[in-house]
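Got some structures for you, see below.
In the two complexes that follow, chain A is the common piece, with chain B as its partner first and chain C second.
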Partner chain A sequence: MKNHSMKRVIRFGGAVAFLGLASTASAIDGPQIIKENCLLCHSETGNAEAPFSRISQQRKTPEGWQTTINRMKSQRGLSLKPEHERVLIKYLADHQGLAPAETADLRYVLERQPNVVEQNVPEHVAGTCTGCHSSARSGLQRRTTDEWQKLIHFHMGQVPTIEYLAGHRDRPWFQIALNETAVKMGEGYPLQTQAWSDWKAKPKAALNGQWAVSGFVPDKGEFTAVMSVMPNQKDNYITLINGHYADGSKLTGSGSATVFTGYEWRGAIVIDGRKMRQVFAASEDGKQMAGRMYLKNDEVMGGRVLAEKADKAATLVSVTPSSIKQGASQTLIIAGANLSNKVSLGNGVKVEKVISQSADRLVVQVKADAKAAIGQRTLSVGKQTLENAVAVYDQVARVEITPTESIARIGGNGGPIPKRKSTYRAVGYAAGADGKPGTEDDLSLGYLPATWSLKAFDEVAEHDNDLKYAGSIDAKGIFTPGDAGLNPERKMSTNNVGNLAVVGTVKDGANSVSGEAHLLVTVQDFVKELIQ
Partner chain B sequence: MHMYLHEEVLKQMKHLKSFNKKAKMLDAAVSQGDVEEVVAMQSVVGCTSVNDPGWEVDPFGGLGSLCQPMESDLYGCADACWWPAQVPDTMSSHPNWSQDVAKADEDWRKIDAIFPESE
Partner chain C sequence: MKLSKSFKPARLLGTAMTSLALLGTGLSAQAATDEYLLTVTRPNQLHVIDTKTDKLLRSCDVPGTFGNGGVAPSPDGKIAYVMTNKWEDVVGFDISNCKIVFSMSQSTPKEQVKSIISMAISADGKELYTVQNPVTLHKDHFETQQPRLAVYNTADGMDAKPVRTFPVDRRITKLGYIEATNEVILGGGDVKAINAKTGKIRTLAKLQNWDRSPEGWVPPDAFQMHTIGEHIGEYIMPYFTIKWNGAPGDMEKAEFLWGMTRIDTKTGELTSGEVLPFEFIVFNWLTDPNDSDIVYGAFNTLSKHNIKEGKTLKVHNMPHTYYNINMLQDGSKIYVGGTSSDISVHDPETLEKIGSIQLSGDMSTSDMRIAKVQR
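Moving on, here comes the complex of A and B:
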């Protein structure tokens, strides 16, 4: 068996995003590549609907297919030319992919969103399948029941200890996984679905044109931009991006992107000299894209991006900040293209002046009357409107820090594995009509600027002096963990791990309101995966 | 196509049940129900919830019951295939991972992660 495991050409994140860079045009097509490279071990079924054993009976995301092909290479001995690999993954993702509705709730793993605690994990998956990896890894696949059962057999063969792990060994894990979990998966996540046959039949929108974009990167803050998308080859685009960060400094970049399955946008782009990745989903009509953009070499450093097809039409994307205090003046940055400068937020909020207008944004100064009615306002810019865009409030009653549960991982210190940081933002709430914070009618004020500090999470952390060793947080809410390696200063040379609370404090007039999040600074992850 | 464990390996596996003293203590001290509840609350995507001991988080949601420093037990974890999505399992998938580094606690700087293969 060949061992490629230590070979590292492109760092974590490279494999699929790399597809965004390269041509997938080829003289040889997907089925031909399968015939020439896979039939040593796989077989032809004779069924034209599902011609290849183990391959035609599953559907998954581009990252899902890449994972399987990687395993065929590293564990099974497949060798495949890089250009053929790209064509094959594109072919498989296009012909055996997932419909937009089938990925909508689980995009966080594709986007590499950090610090996600999964919600709504199916009962048959929780505990049986969540010990090692996300539930989304299986939720982003569709298979026949037989193929779900083969996946269980694969786990038994590949991870022989699986039956003996905590939470598994006290019950017949294999029988449960094979006869209950896999069967339920076959029912809930079958190969054939209405969503997929509808999506396959639908004509797919081309995504070239002008896009009005708004987004966030933790170390740079909010940004607005216009992204020009130019067709290159089929489903492959060249991108140019120009815009501003909130402080007015310029943002420029260029890159390329490949679209899989008619909507899965995977872009590689260099912005202001930094390599970034874009994992977006286009809406079914091709008029909107949403997802996450992050630094290629530091995937925690990223944030949400929203893009609206603008071309020549007036397009309103978003506004920040999304609240204004009664009696206060506030600068608003409105992301959008081809906008008029006629801004309104309803009674009691006056537009004092237009500060600037450019292709990607409109910056205005507004003032809320001291008696302006409290509540969410609709923003209108010319004929464009955005509902619940800006909240007028009396005072900040409560602050939540997101993410509430988080981890960071020690690293660096001369070792090959970089530190995994963690980033935080403060979300404010006013008390709402009942005057009580923490109730249903609290008014969300969106992200608010905050100052940041750390403290020991509990007595154990206090006793072990975790605060001293585990890392530090900066003015932007970016936590950088401590150095990797044994620390002889600590009891038993413990690593620089720690159990901390992140405290974010928002100033509201003369008041200060704080919120807390839990941060566990822990050890490295030695297995990087495309889908965690 | 699928090879299951030899009897030999199976025996070794059984032995793993008492792989760690803390795990035993834990089994005795806390009912499984309590532990699962804590873990379900603490599990951030990317972390294992196999918790006897845990890799990133201990069964109580803290760090106190982990093997620390991590390097001193790293290869025990890798051989036993305890957390295959966090520590390369050298039993089946990655037999050569860190094979040149005999002492993890001295030479930890030489130990790299396994990366998704691309060209």
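Moving on, here comes the complex of A and C:
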């Protein structure tokens, strides 16, 4: 049974080779693979600390190294056996990776999280790199200044039109990139950092054991599960997952995962017949994992996952929904393992009954008094507590639709690139003590169920009838864009692109409260990269 | 440009009368000229189109992978120099029979050399110029080198090598040639001219490095990929800028403007400045042969403007995007092409479509140049 699922996972791993299992037979190590395959172009420096030219002067994520090796294969004639490629990426990510602190703020790009509007982009990166890449792409690399400068020269050789692009050609792009940006990158993202020295020196926790998991997949909703992680090879695990979706239907799956750099969990798992990917970061003590799980063939269809090492100890992970209206009864799903069934949310919120209890979750019905104090409550389950877990509120004062800015891409229709969907959730807020919505003291009510609709974003979209062509949204907040290709019905036979507003409406008693998000439906992304 | 006043009455008679009007103005040389439209399509063919009939005369297979589709006609109109092989090689065709009469390759195993569109021919047809952007190919890294003007003798025929090179600025695109001074126009961030015998460079128009205060103006985005105005002996570098009438960044008060540097390639006479409000994206400006105040632009629209008055005169919506525009020297027809596989023919007076030429593949970024052959 195990062997069978392992084989399946390897086959499914194609696009991201390192997601498969580590080699079972390879005795060769990373430096040996470099010596045997890379020295036609790279040279040995004679310095044991940095033995290979170009290679030893950089640190990257597993995806970063995979990208480099992909380029060496497609552009520079490298031919590597698949098992050697896996060993090499693992070696490079382990020995020249990034410390947890160095990836913490930029994990969205590794997790392939859609619709991220990047914050705090360094000025020297914004004018130079972000015309094509996310800021996170360079932010997840560490190089010597000389290496950052070689990266600029690489761009000039590989993409000779780079200095002619709009946004580049109105300035001496090459000179700025070489003499300013690369130098600042060498200062801000140097090869040697304290964070990396510290992380290298730390013992790394093994991640095998039982994990209590909570997560979300847009088309299935919230789920809770127990993931059993069993050691296979070093830093490689077999995974089994069992649990429930919020509606009580069962979730089962199995897969494997490799841990890079001591904390970068990359899993391939088949859940209920669907191939999924896990990109998690383990905490430094190995007791928690957080990240994103998504459909392998439709990466927009994914969501946050939180996992707590449970083993035999009582472990409380999360609770959904995370609000209850004054005077209302509410079913709460508490994700966790080995939990007691003694649940408390403080004064004014009564546990009416325990509906069910299983290995992955505890389902209870609670009721808030009509006069229960408004505000965030701590959830206690036996001795386990979760702060700010459930908000008691009077009424929904406003709704935010997340993501606020989003892109979907037409596709399909016989073409090679599938449609890229976009998914939405409604986050509710009560007005808080000042009674005014939109102020700092608003009380977050977490995700609330909503109904969904679309409208033209502006007059131009109205005029061009974008609503008719650009796509549709379903009851779960999943927007599916229109078919790819020219549409002769449209002005200039344009594609089924559009500029839309996504409207989510939350029912709150007799009231309805709506929020809007902006959605651009655009053409296919013809350059798909491991790190955007 | 100087012809404009005498041509105006003729224009009023309309396009049907144009050839008569030309004879009337004494430009018999033009009447004795055949004009051929030259363009390149994917996968890699040079097409020769007779502008009298707007029919495809012949298609020549271009060696190598499609590059940008750059074309430069020889001054006698008989040879079409085509940039190919991913911006690296130039091949010269006799357009009467597709025979290859010139070739050169710029890259070597140790140096990758790309010419980003930049190619021009001297007024006497004896020299071909490219701006080379070299990158040294070390074993494990690239090293960007200074761009250089490379001069080739067209008479060297096959596998020609540069006879001279001179250092030039980065990011130069379209080249032109000034007859009066025998200089090559270097269209980059600023517009400069280089003496191709000595390498001496002079600045014709400061754009990227202009002297205006950033408090008042955004440094221009000057860029030229396609038509340069050979139908009347002109070189136009279009640019876009923003004038801050309030504080820099105050879009409410800002003016978005098209500007252009326009050079008479016979005399070297130059004008440079803002000409129109930025209402349309166009890729090129093209001057009406009969009135130098009238320009045409194309992209999603074909438009006609009076730059003296800063006014848009007419706009014609196009069925798809066209990157490129050109025109016959008598001003009788406008050709709008590039991007897709059809060239749309228009009446300059009304901008209405009067014809179409279907090609075998997409033009993409290709040039659409006019070769003028004396009868």
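A few notes on this one:
Methods note: the second predicted complex is superposed on the first by the 509 of 532 C-alpha atoms of A that agree within 3 Å, B and C clash if a C-alpha of one lies under 4 Å from a C-alpha of the other, contacts with A are read in each partner's own complex, and residues count from 1 in each chain.
Quick note on the criterion: contacts are C-beta pairs under 8 Å (C-beta built on N, C-alpha and C of every residue); 3 or more make two chains touch, one makes a residue touch a chain.
Nothing here was measured: the structure is a model prediction, and the numbers come from that model.
Of the two partner chains placed around the shared chain by superposition, chain B is the only one that A:133 touches, whereas chain C remains out of contact.
Once the two complexes are overlaid on the shared chain, A:169 sits against chain B and chain C alike.
Looking at the shared chain after the overlay, A:492 reaches both chain B and chain C. When the shared chain is aligned, chain C comes close enough to touch A:42, but chain B does not.
In the overlay built on the shared chain, the residue A:158 is in contact with chain B and with chain C. Applying the stated contact rule after C-alpha superposition, one finds that A:53 touches chain C and leaves chain B untouched. Taking chain A as the reference, the larger set of touched residues comes from B, when chain B and chain C are compared.
In the superposition on chain A, the residues of chain A touched by chain B in one structure and by chain C in the other are 153-154, 156-158, 160-161, 163-164, 166, 169-170, 492-493.
Listed in rising order, the residues of chain A touching chain B in the complex are 3-12, 14-15, 18, 66-67, 70, 73-75, 82, 85, 108-109, 114-118, 126-127, 130-134, 136, 153-154, 156-161, 163-167, 169-170, 405-407, 409, 413-417, 457-458, 460-461, 484-487, 492-495, 497-499, 520, 522-530, 532. Those residues of chain B whose C-beta lies close enough to touch chain A in the complex are 2-5, 9, 13-14, 16-17, 23, 32, 36, 40, 42-52, 55-57, 62-64, 66, 68-71, 80-89, 91-97, 105, 108-119. The touching residues of chain C, counted against chain A in their complex, run 87, 112, 114, 116, 133, 135, 137, 139-144, 170-171, 173, 189, 208, 219-223, 300, 317-321. By the touch criterion given at the top, residues 41-43, 53-54, 150, 152-154, 156-158, 160-161, 163-164, 166, 169-175, 178, 492-493 of chain A touch chain C in their complex.
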